[in-house]
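Here come two complexes built around chain A, the first alongside chain B, the second alongside chain C.
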Partner chain A sequence: MTKKLISIIAVAALSVSAFAAHHGGKKALEIEFPPPFLIGTPVQVNLPHLEAPGTPRPTIMVPEGTTNLADGKEVTSSDDFPIIGGLDYITDGDKESEEGYFVELAPGTQWIQLDLESTSTIYGVAIWHFHTQKRAYHDVIVQISDDDSFESGVTTVFNNDHDNSSGFGKGTDKAYLETNEGKLVDAKASKGRYVRIYGAGNTSNEMNHFVEVEVFGTQ
Partner chain B sequence: MNNPSDSTTSVGRRQFLKTSALASGGILLAPSIMKAQSSPNGKINLAILGYGKQGEVLTTSMLEIENPPFHIVAVCDIWKNSIGKCRSALRKVSPELKWYFDCEELIAAKDELDLDAVIIATPDFWHARHTNACLKAGLHVYCEKMMAKTPDEARSMVHTAKETGQLLQIGHQRRSNPRYLHAYYNLTKRAELMGRFTTANGQWNRSAKPFREVNPRIAVEQDVLEKNGFENMEQFLNWRWFRDLSGGPISDLGSHQIDIFNWFFDALPKSVMASGGHDYYPDRQWYDNVMAIYEYDTPNGPARAFYQTLATTGAGGGYYEYFMGDQGALRMSENPAFTKMYREASAPSWDDWASKGFIRKEEAAEAKVQTKVDVRESAPPDAYEIPIVLDKKPHTPHLENFFAAIKDSNVKLNSDGEHTFKSEMAIFRVNEAVAARKTLEFTKEDFEV
Partner chain C sequence: MPINLSDKTSYYIYIFLGLLVIAGGIALRIQNSEARILHSDEAVQAYQLWELMETGRYQYDPEDKHGPLLYRLNAIVNLFVGIDASEFNRSNLRLVPILSSVALLALFLFGSRKPHLASLLAAGFFALSPFPVIYGAYFIQEALFVLLGFILLYATLTYWSSPNGYKAMRCGLWAAAFFATKEPAIIHIVAILAATLAIQEKPFDYYALAERFRLQLIAIAIGAFAFGWVLFYSAAFTDFSQLIDSVAAFVNYAERSQGAGHEKSVFYYLSLFWPHTAEGIRWGEAPMVILGLVGFALLVINRANAPKSIQATVHYGAVCFILYSIIPYKTPWLMLTSYASLSVAVGYTFSTIVASRANQWIRYAGIGVALYLLGEQYQTTQLVKRYAADSRNPYIYQHTSSQFQKLVDRIEDIDALDPETQLSIAVGGEDNAWPLPWYLRENDTVGYWPDPAQMPALDIVIGPTGTLSPSLGDTHIPEYHGLRENVLLECWIRKELWDAFMETR
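This part shows the complex of A and B:
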């Protein structure tokens, strides 16, 4: 276990650094991934808008100084008292998906919200819901705002609620299978202090889970 | 083999299904006399004691029961993480679920909870203490197998059940599986398709895998671990591999299938020899690979059975119990894909039984081209399928049998404490035989309660 912890710490430390060849004063954002560890019994995933497994991540060009602004930041949620895990798990740098690494939120449409503590320019949002079983989470919606109530000035940077079942408008983004690589969303240099992520259960059960969220940007 | 047209054995498809249902505890036949339950809604108020992997399996099995005759009112586990998982699983059906971290606290609250029964899925070395305490508190008990860590502990559970008059079902769920019931009552006993059983073999192999770990931040407090018999979190998470806590893989997996040997042979073994070792995991306390050979005196003559559990490979053709008789063979498994019957070429035709729906003939495979044939080779047997497929989780019928027995005194448990104790004695002595490196004879006293 000690060896494993050191490994996790190393991964977390690396994950906040963006490194790649320079390109027009910017460089491509890269993310460190936890090791793959599939143990759960696969459940058939039948979604009309599921993207093909192996679809490449978007290449997001970021300026020097881009860091994971979410690291250690406070997380709030529509479910104030998660039964399994804690909201602090989401920004603790541990991206493994086994017991003790994920928080489970109540069924139905739920959200988590990260407070970056000041208005930031956000280039990318990386999300790991749960990756010990192949599954897809429903109605993943990523929004950015300076309003902590998300009633005004909201920018939606990702929405795969294809049938508007969560009521925030029909999204055109694809559903995706969870893997150890998570999901990298291009935030297109949107500005805001808060990042809110919605979900509405998954293809295996009604629950909402989050292992980790990283928000790459500058302040 | 019996003739299906004999008046005493002539049963149509509807009749044999009914027979299976009766054998399984009358689950499919609505009981006419229902015991009054203490809860106002007439449901059995139920607690889950131990919500590890097996507690989770049993709970999800219970959740698929339509119009459940029970209501889960409480869960007890020493690990907060397990309590959370149970609360999560039961959010909808038991929003008022109570939880406890100590079995004594659960039992102390039995009147407040209006508790009728408890499902025990704690580690083996706790089974006897938990079961005896719950039975003495007036609760019916469904306890996971193995019954206990030692034969004497298992005996104490049988004694307590008798003294208290409470029900004690042990989690050998194959005993309630309709395919197994059909194979035993209809194919083996009624139709006698396999003739005289002479041998059996069985196995359950699992791939090598490291010890389970969790994030240390959710670990059980050290003082709680020690109070409950665990040295540390590693023991708690992997208790099946520790000698003070369990009987190892032969106890975990072999217990299911050796019990089926005893059931289908209608006998208890007279001897066991076994070999096992720390072949792959030198640091683990229990044997990772175990092979055992039993000798039986069945009502139809001598028989012997071989069983292996290998914790180092998932190969070997799945998990099954394979019975061979002089007229046919029967390979049983919880997985229908591993289930098959074979008729010896010299045996009477099975066509009538197939036409009545007892069995289904498999389409003949195209003969394989073989350039050299051993002229002494027996003709290949015809293959048949057993047309009974369980459309529920494997544990569900056994739990239904338990609930039916609570509700209706006419319903018998399919794996009651006393019969299970005798069957499990065959398993208790395997590790002893491995250590002794010689054949051990069972005595009459071994099986006495």
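This part shows the complex of A and C:
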């Protein structure tokens, strides 16, 4: 492989020289590709206090009387039989990420859906997936609708499926690292009775997890 | 309970069940290997094998790598079965460990002239249990190493029972192969000697020891060992440059045994198998551990009647367990020898119950519990398949996230946009994002920079989160990918490439 690499670098260098002669003496950047080094068994990385390196939470201005409409509300899911935990954990007010506080859904694209029981004006949705490890969840999509099947009147307020792998359109929101602060999504005063949140696994495994979801709004 | 060989029916049933166990063991190991992405250690080993098969050269590194036998043997097997270096996949890459693990099953089942129910049950537990299934399909030295350890143990027992020059030579050659697989063989040699002595009626009888340590026989064993050592480390007497390194490696391994970042408590190995929950998933093999301890106690009590090979097997694993628990450096796969011995001890417990003169209902209950436990072990193996690369799986260690495959697929998709031109890729970080170099081995325009800050902004730039230049944001699109527990990578893809890729979605 080393020989192959050297030959390619040599050919590239010659090509660059020829190219430079035709471009007013300018020289293309020449890159040497260092080979990989063979490592031993990786040691454990402990990150007891995770901090998101990204953007600070958005400041969302809300009217008086705004409350967590999701508190204690019914949750349904594309996975009726979670692998671990129950769907009721998602609106029980507990935000710890340890065992007994999160629900684990099947691999692949899955969703959970909160029924706010009446059409509401929603200002913000806060999501805690899982935060005892440094990980990011894939294809997080938050939608609001009055249609419980989400076939009509759907407002998408967050979508970080940047490669459209979940098939709901390319998202422009950024991926983020999970922390105990959760992710606050600006719902821009959207109206609807149901809130649906999609996911497609995370950077550690194929599973989907939810610790808690809060929906801030007025009814 | 020995199987009556004069009874043809019993003999054929034993053979049939033994073959069934082997078939099950093979199927589960292949299944597990397909479900599990490569660990970085496996990828490093695979890379060395690939280089050996491509160039014919293997460079021994005494700092952190192991002996040449796994790679040499693998290259020969691949040649024999017609696997080319360009055709490696998750399963065929792990062929030699799978064959080694299955060979150990065969050794337990058919290695003795007097088949024993304990051996059949032991093979059953070793074939179906999650831990040996995983490490029987793991492209590291362990499965081959454990097989060679047991072969050496039985060769030592044979020598001990009636020493002669041929048997001494055989021990020397097996020991050389053992060392040429993995340097911690020295720990196992101590355990083999301890186990051999422990099962003797008079372990320190002067005349018995003098007979076994006769200068002439020892000289033959050492000579065979030296011959084997030079044979393996000189690539069949063609390159002697690595012989000194092979000896120097022991100094490095003595230092590494102090921990080297893998220090764990003395109870670490026990905790792997003791019942516990990991983020909602229940794990543990308490019945195996308890019945194994019972089996060990029964063997000590029945030492006059129990087969010597079974006694030695269990003692060997027990001594290894103690030694590895004392040594600060700990990784789960070091328990594979002890787990094989545990399986034999559990098998002996059940065979003692079945052969006992107790009420026949107790004997039936013994068979029932044995079958139930085999079923439980199988169920856990299925659970392990589901969580094959999940950090909650207690049997794996610093394993690559299953989601890492997404990064590999992404690079392949981007590369496929223009098959005529190779992507230029920069990978940064101390660990080179292994196993990524394995997947990119055919690409000549990939570079690896230990310091991510030094990386040029190539088509794709990959490095640990928070270490890459923020200016990449002007020209590239970022993605997050998991490497392993608590280790995330940023993958920045040049915008033009990304846009072209999205056109294909």
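Just so it is clear, the second predicted complex is superposed on the first by the 166 of 219 C-alpha atoms of A that agree within 3 Å, B and C clash if a C-alpha of one lies under 4 Å from a C-alpha of the other, contacts with A are read in each partner's own complex, and residues count from 1 in each chain.
Keep in mind that, in the parts below, contacts are C-beta pairs under 8 Å (C-beta built on N, C-alpha and C of every residue); 3 or more make two chains touch, one makes a residue touch a chain.
If you're wondering where the values come from, they're calculated on a predicted model, not measured in any experiment.
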Practice task
Considering only touches as defined above, state whether A:D94 meets chain B (first), chain C (second), both or neither.
Solution key: first
Exercise for the section: With the two complexes superposed on chain A, say which partner A:A175 touches: chain B (first), chain C (second), both, or neither. Expected result: second
Practice task
Considering only touches as defined above, state whether A:I84 meets chain B (first), chain C (second), both or neither.
Solution key: both
Exercise for the section: Tell me which partner A:A189 touches in the superposition: chain B (first), chain C (second), both or neither. Expected result: neither
Exercise for the section: Considering only the touch criterion stated at the top, classify A:R135 as touching first (chain B), second (chain C), both, or neither. Expected result: second
Exercise for the section: Pick one for A:V154: touches chain B only (first), chain C only (second), both, or neither. Expected result: neither
Handout entry: First, second, both or neither for A:A106, with chain B first and chain C second
Key = first
Exercise for the section: Name the chain, either chain B or chain C, that contacts more residues of chain A. Expected result: C
Handout entry: Which of chain B and chain C A:N164 touches, first, second, both or neither
Key = second
Fill in the blank from the handout: The shared contact residues of chain A with chain B and chain C are 1, 4-5, 84-85, 98-100, 104, 207
Handout entry: Partner chain A, residues of chain C touching it in the complex
Key = 40-41, 44, 47-48, 51, 54-55, 61, 64-65, 260-262, 277-281, 331, 387, 389-391, 397-398, 401-403, 424, 427, 430-432, 434, 437, 441, 444-450, 456, 458, 465-466, 477-482, 484-488, 501-502, 505
Problem - Residue ranges of chain B in contact with chain A within the complex - result: 81, 84-85, 87-88, 91-92, 213-218
Completion exercise
Note: in the complex, chain A contacts chain C through residues 1, 4-5, 8, 29, 31-47, 53, 84-85, 98-100, 102, 104, 132-136, 138, 162-164, 170, 174-175, 177, 201-207
Problem - chain A - residues contacting chain B, complex - result: 1, 4-5, 83-85, 94, 96, 98-101, 104, 106-107, 207
